[in-house]
Structures are given as C-alpha cells and as structure tokens.
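What follows is a group of structures, each given as structure tokens.
Two complexes follow with subunit A in common, the first pairing it with subunit B and the second with subunit C.
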Partner chain A sequence: MDNNNLFIHKSVVYGLSGILFMPILATFIYSFSSSWGATILPDGFTIKWYTQLLTDPRFLEAFMRSLFICISSLLLAMILVLPMIFVIFYYYPTLDKVMNILILLPFAVPPVVSSVGLLELYADSSVQLIGTPWILIGTYFTIALPFMYRAISNSFSTINIRDLVDAAHLLGASTTKAYLLIILPNLKKGLLASTFLSFSFLLGEFVFANILVGTRYETLQIYLYNMRQTSGHFTSALVMTYFVFIFVCTWLATHFSKGNK
Partner chain B sequence: MDITKPVHQGTLTLKSRLGRYTSRLGKYKPVVWLLPFIAFFYLFQIAPMVWVLINSFIYDGEWTIENYSEIFDSTFILQGFSNSLWIAFWSSFIGLILAAILVSSLRHLNSRIRDAIVAFTNMSSNFSGVPLAFAFIIILGTNGAITLLLRQWGILGDFDLYSKSGLLALYIYFQIPLGALLLYPAFDALKKDAYEASQLLGASSFKYWIKIGLPILSPALLGSFIILFANAIGAYASVYALTNGNYNMVTIRIASLVSGDLFLEPNLAAAISTLLMLLLGVITAVNQWLIARSYNG
Partner chain C sequence: MSYVKVSQLCKRFGDTTVFENIDFSIEKGEFITLLGPSGCGKSTLLRSLAGLNKVDAGEIWVDQENITDIGPQLREIGMVFQSYALFPNMTVIDNVAFGLKMKGINKTEARAEAKRMIDLVELDGKELFYPRALSGGQRQRVALARALVVKPRILLLDEPLSALDAKIRKSLRQQILNIQRELNLTTVFVTHDQEEAMLLSDRIFLMNEGAIVQQGKPEEIYTKPANEFVASFMGHYNLIGAITASKWFNFNSQQKVAIRPESIYIREEGRHYGEHISVAKPGIVESHQLLGNVIRYSIKVEQQLLTVDLLNRSSERLMAKGTPLELMFNLNEIQPVRA
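Up next is the complex of A and B:
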C-alpha cells in the first residue's frame, strides 16, 4: 500500500515537472537543430545558431545595455534602501509596518498601469527621460524594492541592532562607523540573495522596456521580441542563452539564501 | 573662569541655545537618510499611480466621468475585461490545483529529490514573458513538435495556440511554479499525526482531505489564489509576444491607448487602469474576508 502510494506520488511529481520541463527541453533541442520543419524530430544538429548569435553585434549591444540597466538599478536600490532600512529599524521601528504596506504597491499596481502614468508625467520633462535608460533604472528600482526590503529586513530581525550599535558607541565609534563596519557585513548574505533574485527578475522585464523605451534603447528582451520574424532556431538559441543566465542567477540566489540559515 | 563674566554669559546662553537647537535638529537628522528613498519612490511609484487616478476623471480638461461611460459603452473594451477575467480566473484556478497536487505529492518524496524539484520550480518560475511565448510557439505552434505529435494521435481537437485555449495553456504554465512556491511552506501545517489519527478513526483519504486537509490549507489556498490572479490579470508580455497584441485583453487595450500608432487616449487608458485596480482591490477584499472567515470557522 505504502509502496503503491509512493509510486503514485512519484509519478505525479515527475509528470508535472516533466510538463514544466518540456518547453525548456524543446527550445534547447530546437536551438541545436539544423532544421526542424514539419516532423516530430529534428533533421540534424549544429551549433551554427549559437555562433551566429554570439557574433551578432546587435545582440552583444542589447545584452550590454540590459546588464547596464539591471546593475545600475540594483546599485541605486542598494544606495536608497540600505540606509533607509537602518534608519527605520534603529530610530523608527514602527515605520516597518508602513513600509510593509508600501512595498506591496509595485505588486498591486500592474506595470502597464504604472507606465501609463510615467509616460504622461515625464513625456515633456526638461531632462528627457522617456526613451532613455534613465527612466528604466528608476522604475526597475521599484521592482527590486520589495525583494530587497523583505530580505534585508529579515536579516535585520536576526541581529540585535541596538546592542551592536550601543556596543560600538561605547567603544567610541560613531553611528555611521558602526553601521558601515558592523551592521553592513551582517546583511551581506540577505543582500546578495535578494540582489541575484531581483537581477533575474529585471533581466526578464519587458513591459516597462517596451512601453517606455522600446527600440530607442534596445534591451535584451526588446531585441528578443524584434527577432521574432527571424529563424525560430536563432531565437531558440537566444532564449537558451538568456535562460542559462537566469539559471546561474537563481542558483546563486538560492545558494546565498541557504547560507543565511 | 570666563563664565562669571557677564559679557561672556550672553554669548554662552546663545551658544547653548544654539546647541539645544541643533541637537533638536539632530534628533531629526536620521530622517535625511529617508529622503532620497522617498523621492525616488514618489517619482516612480506614487506619482504615476496618482496621475492615473486623477486623469481618469478628466476629459478635454474638465472633471467628468466621461472616460468611464466610454468604457461601459464600448463592447470592445468590455470584451477585453471579460477575456482577461476569464483567463485570469481559470489559469489561477487550474494552476493552483495542479500546484497543490504537485506540492502535496512532493512532500512524500525524500529530501534530495524534493530540493531538486523545488530548485527547478524556482527556476522555471522565471521562465515567463517573451521567452516563454517563443518556447510555446516552438512546441505548440502550428508546426510545433507537440502539435504534430498530438495531431498524429488525433487528440488535438480544436486547440490553437493563438486563441483562448492556447493562451490559457500558456498562463497555466507560468502559474504552476509560482503557485507551488507559494503553497510549499503552507503544507507544513499538515501534521502527519492528524492523517494517521483520521485513518485510525476509520476515515478514508478523501474524507481526510475534505474534513481536515483542505480546511487547514484554505487560508493559504485563497491567499495564493489572489496572488496568481493579480499576476495573470496584470500580465502583458506573454500575450503581447504570442499574438502581437491582437488578442483583446485589458492590459493590451491600456498599452495600445498610450503607445499605439494612432488614437492615443491616455485618459481613457487611465480610466481602464483605475477600473482594473478597483477590480483587483475588490477581489482582494473579498478574499481577505474569506480568509478571515476560514480562520474563525
């Protein structure tokens, strides 16, 4: 009976994961096939789609642009969030409740809705924002915010920040020094885990990029969309390259969040 | 010392007053560190939202509900709403059931397989949007490998990736990993003793789930449902990439009113957006009420 049950549970888990895995596997095979027309299996294998992709300067540029935007917005998020969380936890702990509601906004307001407001608000701004990477860096900060706030405030609740800072004060350190030398190192793992998680999220962002900037500053996702008319094998190679990147980032994120326990 | 001299006394009190003043200012100094964050959050999150809310009530520079009556007069926009609601509801419902089955079976396997599957779901939850739409075109498109296989077996029916059924399949695909990740911790609440006790008392597995398992899980199920629903109704990238924006969904309507080639009507887009947020708000409220009730019951 128990063996029988275990068999059922195993088939359920493998069956469902198998279905989830199928599109990924098919894209993988497709990206290595020389041609795969109206047959169930491909005709032959080749790596020419990857060489074609990796030598396409437009792809490399789009990739660099995406990296630039993602890294800048994560840096911006860190610069804004790290002092903010410390001030909240050390001076105004009651504000944490307010923040927990505020960070739901990026989830509650769909990106399409936000982009309507952003597009109209900044269409005639004196410094041009629409169509430039700067508006994406600002909006991506709001996407990364919930992940960062949650992860870092979790790390904060595991350390006794008052005692640590008071001890540092007794030893003659200023609050800033205590923060930089004692509090920050304690946040490293939560910070890294949330950074990689947000990174893989931001790399896949399409809505803001498409509506606010589009082809004026072609990011990886926009490039992927614009390549839809070319060979399916080529786009598969592109999707797989992107997916390997995401895979590494999620792996790093889980690696760091595990180490946190 | 100098303190006794009256001339210096004046300057001293001034100094101490200044000192008291700056120390009072010093009390608020930490707030300065909050300001950059507040500024950015306001510019990129709050201000756009407020713009949408206000401008949804402005038509030709006047305060009116004209935009809203235009929505309710337009069968096209209403169809977008009903398509979005239909797909969001069924993809969340089916996705959540499949995720619950996956998670409940997963807990019976040993920890090595479990960790591997959790890591995989985590990863595949990032496989969404444009890349996912392309992967679906490859396997389920008109000449996709799975399409051909199913057609050969004669079980394809009238499935078409670029129609409602295809979109539903795509949405369910990205709902399952998200649902599984949300439900996974909740299943910890199911204790093995409760199951064994119910078996001792002669209950069937089915009865255990109806009487014990599901009531314990219902707050988590309802809570996850609302997240999946919000995720689906706000989705734009996958449907845009799959149908080039030709399938009528509410997010497609909003985007085409602000960034299409012709007929730009940002205020109408704002009204549709406001209705969408209102809809999400009402559903969340009903859901919270159900969750509260299931805790008390």
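Up next is the complex of A and C:
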C-alpha cells in the first residue's frame, strides 16, 4: 500500500518535472544543432551559435547593462531596506502591518499599467529620466522591495531583536554596534536568499525595460527581443546562456542559505 | 548610605501608570526579589534599573552615583533575560567575551577571562558551541556568564528560570545562589513564583499594581502579610471576615483576618494543645486534594470553607468527605490584614 502510494507520488513528481524540463532540453539541443528542420533529429551539432553569441559585442554590452541595472537596484534596496526594517522592528513594530500592505502594491498593479503611469509622470520632468537606466533602477528597486522585505522580516521574526539589542546595550555596545555585530549577521541568510531571488527575477524583466527605456539602453531582454528575427538557433543559444547564468545564481543562493544554517 | 537607593520612581506609558512612588534601598551583596503577579510592573521596574526604560520621575543611585539619566552602556549593570538573548551568530565563548570586547580589552585577555566565567557556570567544553546547540538550562548559564564577566555592580535577573523545566529550574536557581554568594553580588531577581522568591531572597519586595505593597525578609512576608493581596499571593491563606472572626475568636476585630492552612490543627485524641491560646471549632470535611507530601483539606466551619494542610503521614489517616472533626486555631497565628 505504502509502496504503491510512493510510486504514484514519484511518477507525478517525475512526470511533472519531465514536462517542465522538456522545453529547456529542446532549446538546449536546438542551440547546438547546425540545422533542425523537417527531420526528427537535428542534422548535425555545432557550437557556432555560441561562439557567434559570445563574440557579439552587442550581446556582451547588453549583458553588462543588465548586470549593472540589477546590481545597482539591489544595492539601493539593501542600503535602504536593512536599516528601515531595523527601525520598524526595533522602534515602531506596529508599522510592520503598514509595510505589509505597501509591499503588495508592486504586485497589485500590472507592470504594463504602472510603466505607462511612470511614463506619464516623468514625461514632463525637468530631469530627463525616461530612456535612461536610472528610471529602471528606481523601478526595479520597487520590484525587489517586496521580496527583500518579506525575507528579511522573516529573519527578524526568528530573533528576539529587542532583547538582543538590550543585552548588547548592557554589555556596552552602542545601537550601531549592536546592529552591525549582532543583528546584521543574523539576517545574512534571508538577505542572501532574497537578493539572489530578486536578482534572477530582475534579470528576466522585460515589460518595464521595454516601455520605459527600450532600445536606447539595450538590456539583455531587449536584446533578446530585438534578435527574434535572426536564426532560432542563435536565440536558443542566447536563452541557454542566460538560463545557465540564472541557474548558477540560484544554486549559489541555496548554497549560501544552507551554509548559514 | 545604602549601595542602591531608589526614590520616588515613576513610570508611565501614555496614560497608564506602570509604577509610581517606588522607594527602596539595597545593601551591597544583598539578594532582592521583586515578586508579583504578571502586569504588576516588576519587569518594567527592573528594566528601568538597567536603563533600558527611561523613568518619568524619581532617582536611582548606585554606589553614591546618580545613574538616573545614564545610558545602559555606562551603568555597569548586568542582566539576564527570560529569553536568554544570546547572540545566535556567536559561539559560547564569543557571547561571553562580547562585553569585554566592547570595553576594548584585547582578544586574548578577553577570551581567557570569558573562559574562566564559562568554567564558573560549569560549561567547560562548550566554548565553541553555538547557542542553538545548547539546552535551555545551558543557554541561561551562558547568559549568566556573559552578564557576570564584565563584573557588574548589580546583577538583574528577569525571570531567568521561567522558560525552563522544573528539574533544571531547581538546579540552576541553586547555582545562581551559590555564584551570588561567592561573588558577593548585589542581585535583583524578578519572578512571579513565590516559592522561588522565598528560597533565594534575603529580602522580598512584593509588588502589586505598580506599587511595592510589602518588603521584608521572606519569613516576615509569609507569616505577617500586610494586606489581603499579600496573604492571597504568598500562600493559601484563609481569609475570614471581621464579623465572623470577632465571633469565633472572641475578640473585637475591625479587619479581616488571615490564617495559614498549616497553622490550623485537627484535634486528635490524646494530644495536648495549648488550650489557653487556642480556640476550638467543630467542622465537617468537604473534600481533599493530595499534593504529595501534603493533604489539603477543605473543611466547612459554620458557613465558611477553610483550607487546612496536613502532612501526609499515612494513607490510613485520610479523612473522607462528611467526617466530623474539631479544628484548633492558634490565636498567635491569626493575622489581621488590611483590605
């Protein structure tokens, strides 16, 4: 009976993973095929799509731009969110409820709607923001905020922050020292996990990038979009490269969160 | 002048007064317990001594120094929390050495000193463990070592035993007492457990609704409760109204009287009672509870139910419901109390 149950469980899990894995596998094979038209199997294998991609300066530039935007917005988020959560949890715990509503807003408004809203808002601004990476950094910050706030506030609720800070105070530490030496190290896990999660999410963001900035600052996703007319093998290679990168990031994230346990 | 002196201390949160007009003094090396029901303000009072709460009025003096407006960092007061409050990202030895590091003592010296404290609380061998790998009792001993290592002028203990199970609680409270005696530490202990308070303290400050209602040696508070609240909090005192008491015991009382359950005797054949200081009343057994070494009888005398504790000497002597008997009240043990 138990064995039978286990078999059903396993077949469901493996079946689902198989279905999910299929397109990735197909893309993978396609990116390595010289041509794959009317036949069941590809005609031959080649790495020319990868060499073509990785030697394309436009790709490398787009990749660097994406990295720049993602890392800057995550840095901005970290610098603002960490002290903010500390202040909320230590001094004004009741504000946590307000924050929980606030952080839902970026999800509640669809990206298409909010990007049009941002366009409207900043179109007449004296400082030219539309079409520059800066508006993207600002927007991505709001997207990363919910992930980071959730994860870090979860880490906060596992420690008794008030007693820890009080204990540190009585042992002679200032609030800043207590924050840096005791609170921050205990948030590392939540912080790293949420940072990598938001990172992979932001790297794949297309709607805001396309509407707010477009080709004037070509990010990875815009580049991918612009390349849609070229060979499918080439875009497959592009998708695979991007996928491997995300995969490594996710692996690092889980690795770090485990290492801190 | 006393080592610690607190005068006219007041604390309010918004409109609610947590405590008011608190006055007491503590001698060096004394073990004081702030005892009271939850919400009586004892923890807030302790936190005010530590400097973790600002007070609204009054003064705190320690060793001839007014520390009322000094931050917790400079008060040289150690504290142990109910939640242990160990730093989860640090090993036992780093936790204990933290206070020394904050004082700017170099690492080797700090570690050696921390090691000595860890040995004192009998945790040698656990130096490199993280707090999560320790049991509750061990964690609280780390917290104790961490508070002691900086040689505080006063040690504050905020219900340090409440999160522990009964057996560990007993051994740890003995350990706390031994260390306190050994180091001659001025200690303020907060608890809601009167047994713990009686066992540990040189003096007890009994608090209720933001005021100290009685302070004194444990036996004094136990045998001479100042008012009804103390009587009901310290034991299972029988409270008898003024009119009934005057009638029963043949004196004129304007106040209620309190009688401890263990000071009432049940008359046995062939025993002598000091008849000139005793009053006998007939009663009927209503029910009993077996507490282990003590049998707690509920006995009806006229319309009043009284609690009477008897040592559980032999199971044959257990009296069933409805057994008639005679109670002997020792007049010296009848304590008039204020409302």
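The criterion applied here is as follows: the second predicted complex is superposed on the first by the 245 of 261 C-alpha atoms of A that agree within 3 Å, B and C clash if a C-alpha of one lies under 4 Å from a C-alpha of the other, contacts with A are read in each partner's own complex, and residues count from 1 in each chain.
Basically, contacts are C-beta pairs under 8 Å (C-beta built on N, C-alpha and C of every residue); 3 or more make two chains touch, one makes a residue touch a chain.
Keep in mind the model is a prediction, meaning the values are calculated, not measured.
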(request) Please name the chain, subunit B or subunit C, that touches the greater number of residues in subunit A. (result) B
(request) Scan A:6 for contacts with subunit B and subunit C and give back first, second, both or neither. (result) first
(message) A:168 in the overlay: touching subunit B, subunit C, both, or neither? Say first, second, both or neither.
(response) second
(request) Mind working out whether A:159 is in touch with subunit B, subunit C, both or neither, as first, second, both or neither? (result) second
(request) In the overlay, answer first, second, both or neither for which of subunit B and subunit C A:206 touches. (result) first
(message) Quick check for you: in the superposed arrangement, does A:254 touch first (subunit B), second (subunit C), both or neither?
(response) first
(request) Answer with first, second, both or neither: which of subunit B and subunit C does A:182 touch in the superposed model? (result) second
(message) Can you tell me which positions in subunit B touch subunit A when the two form their complex?
(response) 30-31, 33-34, 36-37, 40-41, 43-52, 55, 98, 101-102, 105-106, 108-109, 113, 117, 119-124, 126-132, 134-139, 143-146, 148-149, 152, 173, 176-177, 230, 233-234, 236-237, 240-241, 251, 254-255, 257-259, 266, 269-270, 273, 276-277, 280
(message) Per the contact definition, I'd like the list of subunit A residues that touch subunit C in the complex.
(response) 159-160, 163-164, 166-174, 177, 181-182, 185-186
(request) Quick one: which bits of subunit C touch subunit A in the complex? Just the residue numbers, please. (result) 47, 50-52, 71-75, 77-79, 81, 83, 85, 87-90, 98-99, 102-103, 143, 146-147, 150
(request) Flag every residue of subunit A that touches subunit B in the complex, lowest number first. (result) 5-6, 8-10, 12-13, 16-17, 20-24, 26-27, 30, 36-41, 76, 79-81, 83-84, 86-88, 90-92, 102, 105-121, 138-139, 141-142, 145, 200-201, 204, 206-207, 210-211, 214, 221, 224-225, 228, 232, 235-236, 239, 242-243, 246-247, 250-251, 254
